[in-house]
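Next come two complexes, and both contain subunit A; in the first it sits with subunit B, in the second with subunit C.
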Partner chain A sequence: MAPEPKAGGAAAPSPAGPALLSVRDLAVTFRTRDGEVPAVREVSFDLARGEILGLVGESGSGKSTLLTALMRMLPRNAGITAGHIGFDGTDLLALREDGMRRLRGDRIGLIPQRPMTSLSPTTSVGRQLRWHLDGLDEGRLKELLGGVGLGAVLDRLDSYPFEFSGGQLQRLLIAVAALGKQPDLLLADEPTTTLDATVQAQVLRLLLELRDRVGLTMVFVTHDLGVISQVSDRIGVMYAGRLVEVAPARELFDAPRHPYTRALLEAIPGRHRRGEPLRSIPGTVTGANRLPGCPFAPRCAAVVDRCHEENPEVREVGESLVRCHRAGEDL
Partner chain B sequence: MSAVRAEDLRKHYRIRSGRGGEDRVVHAVDGVSFEVPEGRTLAIIGESGCGKSTIARMLVRLAEPTEGRILVHGAEGVDRRAIQLVSQNPWSALNRRKSIRHALEQPLAVHGLYPDKAARAARVRELLHLVGLTDEYLGRRPGGVSGGELQRVTVARALAVEPRVLVLDEPTASLDVSVKALLVNLLLDLKRRLGLSYVLITHEIDIARHLADEVAVMYLGRFVETGDAERIFSAPRHPYTRALLAAVPGPGREPAAPLQGEVPSAVAPPSGCRFHTRCPMAVDACARTEPALEPDQDGRLVACLRADELLSPAETV
Partner chain C sequence: MLRYVGRRVAGLALVLLIVLTLVFFMLRAAPGGPVDAYLGMNPTPEKRAEVEHRFGLDQPIWVQYAKFLGNLASGDLGNSLFSDRPVSAIIGERLPVTLELSLAAFLFWVVVGLAAGALAARRRDSFVDGLVRVGSVVALSIPSFWLALVLVVVFGLYIKGVLPSSGWVPFTEDPWENLRGVVLPAFALGLGSGAVIARTLRASMIETTRADYVSFARAMGMPERRVLRRITLRNAIIPTATVIGLMLGVFVSGTVLVENVFNIPGIGQTIVGAFRQHDYPLAIACTLITATVFLVANLVVDLLYFVLNPRIRAGFLNGTAR
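Here is the complex of A and B:
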């Protein structure tokens, strides 16, 4: 049974019109031998059509779990324990599995992190394209592959995935997920992490171009602050399962409000003189997603007593939404 | 005397093809020379498959060069202790069934250092403290330690035999941003305190920019540009260096105009300049003539037939 949608919960409203995706107070819990581990807690945000929301966080912050929860493809030992996911007027958590299956791929697409593991190694690439795209004729194929800059592989479609490079496979998957299916919502999980810098630049350009050409709506998950700054309209920062700050991309980099966001930006080498010690964040994230108060409290430079006891509500500061007791103070 | 000197290094791997077919040769490293002055850091940057990790493996003698030689403090292949490796993935570099104490004792035992039990135990603790970890880590196994801490352990292990040069092969690539900073700081600090020289192999341009005194940019087995790090990072000259640096994403920057295509195969590298198939500035001659690394006016070396035309407007004034 799907949990009751809870009303309220200050969300990050999308500025660009009615929301295509609306997430409220979402919680995901993993059952492990050591008991239940909350992986995502009280996450709320809205996403408008044509908008790209970047989710950034370090490993274990819950960003990939959140994406998997949106697809309702969580592993068996994990479950959505609270919250509401609205997608184009449908309550995703109330859908039966067969209804959800009809949405996956066609209306909600996914670009995975490792293209190689998403394709069958023993079937030619051309045949796999036909699996996913019904009634694919030559003209359409040409159009799709040309659209992602892969025109040159048209005569190699009887080759197997291992005969292509990682960048080519990733563009192939983008051709299927974004152009072939034209889903309303595209979810991308670290889609450029395994790619080389010059190939990553190609894929990022391609995604932005597709947004402008076909109006992609996308949630883009990454740990790379540089990448997220280039593709996102708005950015959400995750820490220990919580969305601690959501702000327009420029705003986030120009005026980070949450102490964690600040610390993260200050740790970037490019912001230091060569050979100078980098600012780092003391302590570790281990155990933070079980804490009752603010998960960043044990490492925070601006911590006060109540941070350890009470998880801060979302506050609006300028154009940013921040979960911090001291948001808006001059820290 | 330089800490490390590599002369015309080559490493070719033979791939056996099935019956009847001809063996193919991967030109992983195809004639590179470099020197690392004592106490300095040379960063070798490039994309996957360019051969940078093969250089790392040859430096620590995990792979024998097909041709060329490597001198460490003037001597060839005598003292294995003088140069040690820190690899990318600490999880696979350490035995997960053994304690961290064991990981740090092992190199001492192999090289017969500190034979006295008490002295060896003291040395192990000293190594751990050197990288900022406390005694409580000694009994732990890799599974119970975070990635950043584990990478510190591999640095401590590399330092156990008192090397003068560390080869750092993508030391921060597996670490999160906040942890990365700690490791970079540790490397800066150790270099100063122990007078080490580093060869840093990385695809992370911002890490190279922060740590390196000198830089070598590698493409398909060869260096295309080498020299003073600040000069190259602030005014890259070779078209590949320019494309590589422009591809680094960052706030306030538009995604770079991408290079066409991808790195060609090292089995059959392109004729002439290896970069000509993707180079936005290529002319016909580039497909025929392989450019040598030639000194530029500011002392760097650039391998490009059109190097003279590549000065930025500010430099030609």
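Here is the complex of A and C:
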């Protein structure tokens, strides 16, 4: 592992090889009626080819916004206000819209969060597959659909999206965006939340297999720690728009450094000790991104005065990068 | 599908019958009558009785109604009380005029409305968008008869000779003059509807642009033009088609005002005269024809909706929707 210079003092260098994706101090702001809402702040990480980064965090922590910003497809009322995104040597934020469009799909793919509404309701599914995959022949189609366990729908491709289940649609989207296009970088926004357990396992296996076969690099967003532990090489924990901890998957589970990560892990059923009541994290994330200081301070069990005044810088503790004033202390 | 159309046509016939019955009794309940209109002031009782007998008005109203239904069933709409010509002949002369006017207005304003709406949505918040938005509000607040009067005054008094502002030349007589004559009345007839169509398409395209399926297509690298054509327009046109269907009523009923202002011999002008003179057969026939055109047009739009929306189509095919 070559120690990289840490731009902005906040990088999370990837453990292997040169970075395919390099994000530095990224900030995204929404303009709303109540003023500007920062949804992503000072997010930095590197991703090596073939690496899978899991992103966890509760709903509203900015995971989807981060992925949309990487695609440069933010809604009209949102904008990237700071930072840098490097992709395979290209500065994505300096790219013209047309150049960016050429990267989408072919080199940076996205599996959307809501499969039920992600295909056009007025065109048959088969035709939409052909829109996205040029020169799709019968054999290739069979291979793609078989790959996601959808061999059975081959003769139903002239049906419309509403005639399929959410799980089938999600697998169709994966077949197109991941298997069909085989992008260098795949951004997956909760790709398995709508699937039942067996299908979920099948899809996860498929994505891992694709990584091994073609060196797929992936950012995998979920709020399910169980899923993320199965697929990720490294895990990033988001809280109120900030990446509060990034660590190799094993390290994160064995030695969580940030109080929020700890609280998350303790909230998983089955991990807490028998007889102890299941813990949830007290308080809510609401308004956290407007306060000065550490966004987690109002809910933190290990809070000290300093946390309310000063936002912590990134610190390196073991193999983890943590944004906490008390990181490294034995709490 | 065929069964659906059959059911709709049967429903349509029932609605027509109800409308005609209502008009039949309302005409007779209204003060005054064809005899007064026919004979003028203070006729002698003998003369009155004679004319009443000639018009069949001396019989009890139920007998008149039964006769009317019988004639209707055999396709006989009777003669005009005043000109004594068969009503069907009068309709045959006047209907093509109204249809041409309505159709011209409809086609023109649907095309203009759709183009303006799509352009405004595509260039959202631009100058063009502002123009369409402000222009459509202004257009909506102008009553069509007022606009018609203004056009008649402007083109009849101030800029004479550019476009005819009164009267009608049949297409068979002089096609060019006929088309020139359609311009102003068609413009006045559909301006408001064009504005509604533009606003609806604009709003539903903007709504559609935010849809997940548009984001996904863009995330797959589909070029914007293709996204617009294959996805945004295709989906945004569905609510717009419904609105266009509703507007058909305006195009038909609006001819009453516009034809009278521009002095065009269509159904709209005839219907006003027929009701004023209590010309029962002619009034009934005009009502029948107007209502039929309106109902058939709505049926066509519903069928179009069915073609555009696969969800409804599938519902019909597997019997889950009625």
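The rule we apply is simple: the second predicted complex is superposed on the first by the 318 of 331 C-alpha atoms of A that agree within 3 Å, B and C clash if a C-alpha of one lies under 4 Å from a C-alpha of the other, contacts with A are read in each partner's own complex, and residues count from 1 in each chain.
Just so we're on the same page, contacts are C-beta pairs under 8 Å (C-beta built on N, C-alpha and C of every residue); 3 or more make two chains touch, one makes a residue touch a chain.
From a predicted model like this one, the values you see are computed outputs, not experimental measurements.
*Asks:* If you stack the two complexes on chain A, which partner ends up touching A:Leu264: first (subunit B), second (subunit C), both, or neither?
*Replies:* Touch partner of A:Leu264: subunit B, not subunit C.
*Asks:* If we overlay the two complexes on their shared chain A, which of subunit B and subunit C does A:Ser64 touch? Say first, second, both or neither.
*Replies:* A:Ser64 sits against neither subunit B nor subunit C.
*Asks:* See if subunit A has more residues touched by subunit B or by subunit C, and give me that chain.
*Replies:* With both complexes superposed on chain A, more residues of subunit A are touched by B.
*Asks:* Counting only touches as set out at the top, which of subunit B and subunit C does A:Ser22 meet: first, second, both, neither?
*Replies:* So A:Ser22 meets neither subunit B nor subunit C here.
*Asks:* Now for A:Leu173: first (subunit B), second (subunit C), both, or neither, which partner does it touch?
*Replies:* Only subunit C; A:Leu173 stays clear of subunit B.
*Asks:* Considering only touches as defined above, state whether A:Thr217 meets subunit B (first), subunit C (second), both or neither.
*Replies:* neither
*Asks:* So in the superposed three-chain picture, is A:Ser320 touching just subunit B, just subunit C, both, or none of them (first/second/both/neither)?
*Replies:* Neither partner.
*Asks:* Once the complexes are superposed, what residues of subunit A are shared between the subunit B interface and the subunit C interface?
*Replies:* The overlap between the subunit B and subunit C interfaces on subunit A is empty, containing no residue.
*Asks:* Which residues of subunit A touch subunit C in their complex?
*Replies:* Of all residues in subunit A, those touching subunit C are 71, 73, 75, 101-106, 109-110, 112, 114, 117-124, 131-132, 160, 162-163, 173, 176-177, 181.
*Asks:* Which of the residues in subunit A end up touching subunit B in this complex?
*Replies:* Subunit A residues touching subunit B: 58-59, 152, 165, 167-168, 196-202, 204-205, 208, 223-227, 229-231, 249, 253, 263-264, 267-270, 272, 274-275, 277-281, 284, 286.
*Asks:* Could you pull out which subunit B residues touch subunit A in their complex?
*Replies:* Listed in rising order, the residues are 47-48, 146-147, 176-182, 184-185, 188-189, 203, 205-207, 209-211, 229-230, 243-244, 246-259, 261-263.
*Asks:* Which residues of subunit C touch subunit A in their complex?
*Replies:* It is residues 210-213, 215-224, 226, 230-231, 234-235, 238, 308-311, 314 of subunit C that touch subunit A.
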